[in-house]
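Both of the next two complexes hold chain A, though its partner changes from chain B to chain C.
Moving on to the complex of A and B:
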């Protein structure tokens, strides 16, 4: 019970901090002081207090988009184990629901973008759905590989199963998996090298351009939802890449949060040292990640 | 007990539906014939649905035998669980379509309504008989009535040259398939000695004969189902038929092909090992190619038709998994594969019919089928747009709608066997389904987003109007079905459990054991939780919205002050990137202008046409060559009927002499 409460509390409160840490890391690389770690929280509070501007072309779809996107993410966060504690909602086959919840949120993000009738947002929506077609098989290959290793179909078992011993036994395939998942993590969360969350007005944008017309509380919901998505996929990644469990519940939570912060720093470093890829290169990298994960699966299937 | 016999109910329902169009034929240009037909069909559908439900609840069905004076053995009608699962969506959709057609194709405005109503009834009745026939010749007769009434239905607007062309392609395709079926049933007759269907798992044939039977069944039935590469007739036929006819063709007629294959396979006591893998491959191939084709389409109904190929592919993936499982005695795979396939058959009947009926409302309201000419219709069609959205979400297999349930079973079957059993290869089905699901989201975001959202792209769209309740009512019924079945997957599972047990040859204990592992209750919980969270977040957001200042403005154009609706992304531009990535499959025909003219540039045109690879690039060129090569034979085809009768007489004489 305590774990469930901590799970919900961490999942609800922690995600924006990741954005703060990424921002601070990038600032450090650029030689700036940067915004405070808690800046994303301040931004969210400010946005929730603001009024909204709606475009005349929009309908109820535009208003429903952010809500459903956030709701899908809130259900998805209940399905993944955090810090080696089982997820509050867990059943055999929940990994399929997990993947399809992202599909649902993508559907609504993109139709909300198309509702504005802006060609920029149309562009972003088209890219989002196209690239996700390429990222989706990667997620499935990875989860299948882990399912095969742990002989289970439930995310709680699959993601708490990896241990240092398994890393030693199936190191090659775990390494491939971690590589593929890191690429997917960056792609799905629209980070560099796939997308740049800091600029709005370039024609190569994906996620940011889809939310150009959202304002006020709706935009706050979108920002929060994006942070939550980063948190979810980050947690999946950390569970596999850093499978350390002490057995002590509180220490495990501490390790998990520390690991997530390190991941945020790592993303910040990637964003600081890399340039964004040309748009035509993105599918190649995504297909590359799919092939890496397919390799990982092949290695455990043999 | 006689009065409660479901088979009799079904036969009565079939006869009523078959004859329902006759009053309309007698009274031209009058609405009552059509209304009477609708009432008869709806009443008969209710009767049929009652029979289906009583069959599912375990009331035994009897067989009826008619000793007709034809030399093919007695005509035998019967229903078993396999028939029932096809009859369930059949009656539902037929009833919905009958009501819809009264407003969509009103007899007062359209002269063809009488004929349309007549063939619609005949078409539905023929499908009922197809799943009830237990005699090869009776089956083929019903099959032909079905195929030909579909032809007359889809050529309703026969003045259009497009319609004539696709009608001819359809007729050729369906008769090529029927020819394969003739071979198949003749072979069965030659080995079994009778046209009556063999009992389940009773047929053991020599390998070459069995292979021929299976291959001909795959050609004949697979062509009707729209399995790649025999799908070429499908996009055109579905796009050019009246929308409610497309709904029935796609939602129901394609499933008759699936039924045929399932029925044929059930005859054999032993199946070749490659069959399951072949069907699995064909299914995966159809699913990926079908949805890739759909993504590139510009025609609303062509897009839906191509997505039918994808859905049939998913059904075949399920059947393939089950057959592989039967071969390897993997009961998990059998149950999940069959359950996934059957659930998807029912689901596809619901959501594809819903989407086709929705496309009818769109065509009715705007007068165009081109996605790129629509836009902004959500404002003008406040009832149709949420219904269409439900259909779109369901067809993408997204929770909490019914499409997810069927795909869930397929995933669970594939992955479970992939991880525990010695069949790791089937686990590859999961990434294939994921890719198909991703492309489906792309396709239906494009469809819904471009058609209903944004600003109107043409005057047709700007003046679009909502349809009457007679048209939206049936859609509400179908959308409600999608939602209920998605929220409570246990209903769908209850529906298909008997047929899975029957077809997979599993004992109730085995079934219960596997089904016990399927997390139906948690799925419902997750779905309910999702709805609760959406409502809670929505309520909080609305409260915030009410108390905070709100203003309206135009869409932000990055500083550009004179945006026009033509600047919006179109459907073609939306899918352009995906289509160029999938270049080999979709193969669009782009005609670019040359830009080497000096300043000022001359007028230039760009055209973008999606082509049909199998039909346009392979079949038509081949047929043209064959046509030229055999042109000398055209002499015997002169259009004089009495000479044609002479040909038949002469053939009969030759056959008699040869026989003696």
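Moving on to the complex of A and C:
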């Protein structure tokens, strides 16, 4: 019971801090002081106090977009185990639901963008679906590989199953999976080699383009949903890449949160040292990630 | 130790895929050098130590890891080419084809009647996958240099297969094969330089028609 409460509390309150840590890391690399760690929370509070402007050409789809995106992310966060504690919600086959919750939220983000009738946002939507349909197989291959290793179809078992012993036995495929998942993590969350979350340059924007017309609370919901998505995929990654469990519930939570913060720093470092890829190179990298995960599955199936 | 050898073979197969996906020639050459060094280390992991083994390891690392990349690198620098510009088949399709070939290699290796002690090792699938990837590079790229690299990768695949037989393979045969390879690469380097000097391009697809004086 306490675990469920901690799970919900961490999932609800922690995600924006990740963005703060990433921002601070990037600032440190650039030699700046940077915004405070809690800046994303201040931004969200500011946005929620504002009023909204809705274009007259938009329909209910435009207003529903952010809400559905956020609710899909909130359901998804209930499906994944955090820090080696079982998820509050789990059943056999929930990995399919998990993957398609992201699909649903992406569908509504793009359709809300198309609803504005702006050709610019249409372009962003086209890019988003193109890249995500290349990123999705990676997620599926990785989850299926882990399902095969753990012989279960429920995310709770799949993601709490990896242990140091499994790393020693199937090191190569686990390493491939970690690589593939990290690339997916960056791609799905529009982080730097794929998309720059800070840029507002027309030619290179992907995700930012689609949310240009949202304002006030709706935009706050989108930002929070994006932070939550980073948190969810980061948690999946941490569960596989850093499978350390002490058995003591509270220490495990501490380890999990520390690992997430380290991951945020790692993302910040990647963003600082890498340039954004050219648009034509992105599919190549995504296909590469898919091949890595498919290769991992091949090694496990053999 | 054989599980560590398996991880190295996974690395060898990953290098195949990297080479299929990159357009930079120097990068490909370095990748093939790394692959050669890995192949040089491998025999030491699966066979007990002997003078014969040390000779093979040193020879392979010297030839595949140092000498051959050095020759090709020199040819690239002299011909002043940096990247393969327009392959016959694009990078993403060849990468996918490479992945499919690798998967097929695993399927095929399952069906081969292998000795029971080789059944669980990755050697046979890795060798077939490397062979096929090398073949893919050889057939889909335009530049003579890329084709030489493809040929090298193919040879690496054959070598991985030969690793299982190292005990039975006399040093002379091994040395002969390496020497052949070295001379082949050397000759190719000279040929490439001549092509680039004569025709200002080393696109082999233009070398099809005979020209009458």
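Definition applied: the second predicted complex is superposed on the first by the 302 of 302 C-alpha atoms of A that agree within 3 Å, B and C clash if a C-alpha of one lies under 4 Å from a C-alpha of the other, contacts with A are read in each partner's own complex, and residues count from 1 in each chain.
Everything below uses one rule, namely that a contact is a pair of C-beta atoms (placed from the backbone, for glycine too) under 8 Å apart; a residue touches a chain by one contact, two chains touch by 3 or more.
Bear in mind the structure is a predicted one, so any value in this text is a computation, not a measurement.
J.: For A:283, using the defined touch cut-off, is the partner it touches chain B, chain C, both, or neither? Pick first, second, both or neither.
T.: both
J.: Where does A:299 make contact in the superposed view: on chain B (first), on chain C (second), on both, or on neither?
T.: second
J.: Counting only touches as set out at the top, which of chain B and chain C does A:26 meet: first, second, both, neither?
T.: Neither partner.
J.: Tell me which partner A:147 touches in the superposition: chain B (first), chain C (second), both or neither.
T.: A:147 contacts chain B only, not chain C.
J.: After the superposition on A, what does A:171 contact: first (chain B), second (chain C), both or neither?
T.: second
J.: Which of the two partners, first being chain B and second being chain C, lies in contact with A:84: first, second, both, or neither?
T.: neither
J.: Would you sort A:106 into first (chain B), second (chain C), both or neither based on which partner it touches?
T.: After superposition on chain A, A:106 lies in contact with chain B alone.
J.: Which chain, chain B or chain C, ends up touching more residues of chain A in the combined arrangement?
T.: Comparing chain B with chain C, the partner touching more chain A residues is B.
J.: State which residues of chain A lie in both footprints, the one left by chain B and the one left by chain C.
T.: 283, 294
J.: Could you list, by residue number, the parts of chain A that touch chain C in their complex?
T.: 171-173, 176, 283-284, 287-288, 291-292, 294-295, 298-299, 302
J.: Which stretch or stretches of chain C touch chain A in the complex?
T.: 6-7, 10, 13-14, 17, 21, 91-92, 95-96, 98-99, 102-103, 106, 110, 125
J.: Under the touch definition given earlier, write down the residues of chain A that touch chain B in their complex.
T.: Residues in contact with chain B: 48-61, 63-64, 67-68, 70-72, 74-75, 78, 89, 91-94, 96-97, 99-101, 103-104, 106-107, 110-111, 113-123, 125-127, 129-130, 132-137, 139-141, 144, 147-148, 151-153, 201, 212-213, 216-218, 221, 283, 290, 294, 297, 301.
J.: What residues of chain B sit close enough to touch chain A in their complex?
T.: 375-376, 378-379, 385, 389, 393, 396-399, 404, 407-408, 411-412, 415-416, 418-420, 424, 427, 430-431, 434-435, 437-439, 441-442, 444-446, 448-450, 452-455, 517-519, 522-523, 525-526, 529-530, 533-534, 537-538, 541, 544-545, 548-558, 563, 565, 567-569, 573-578, 581
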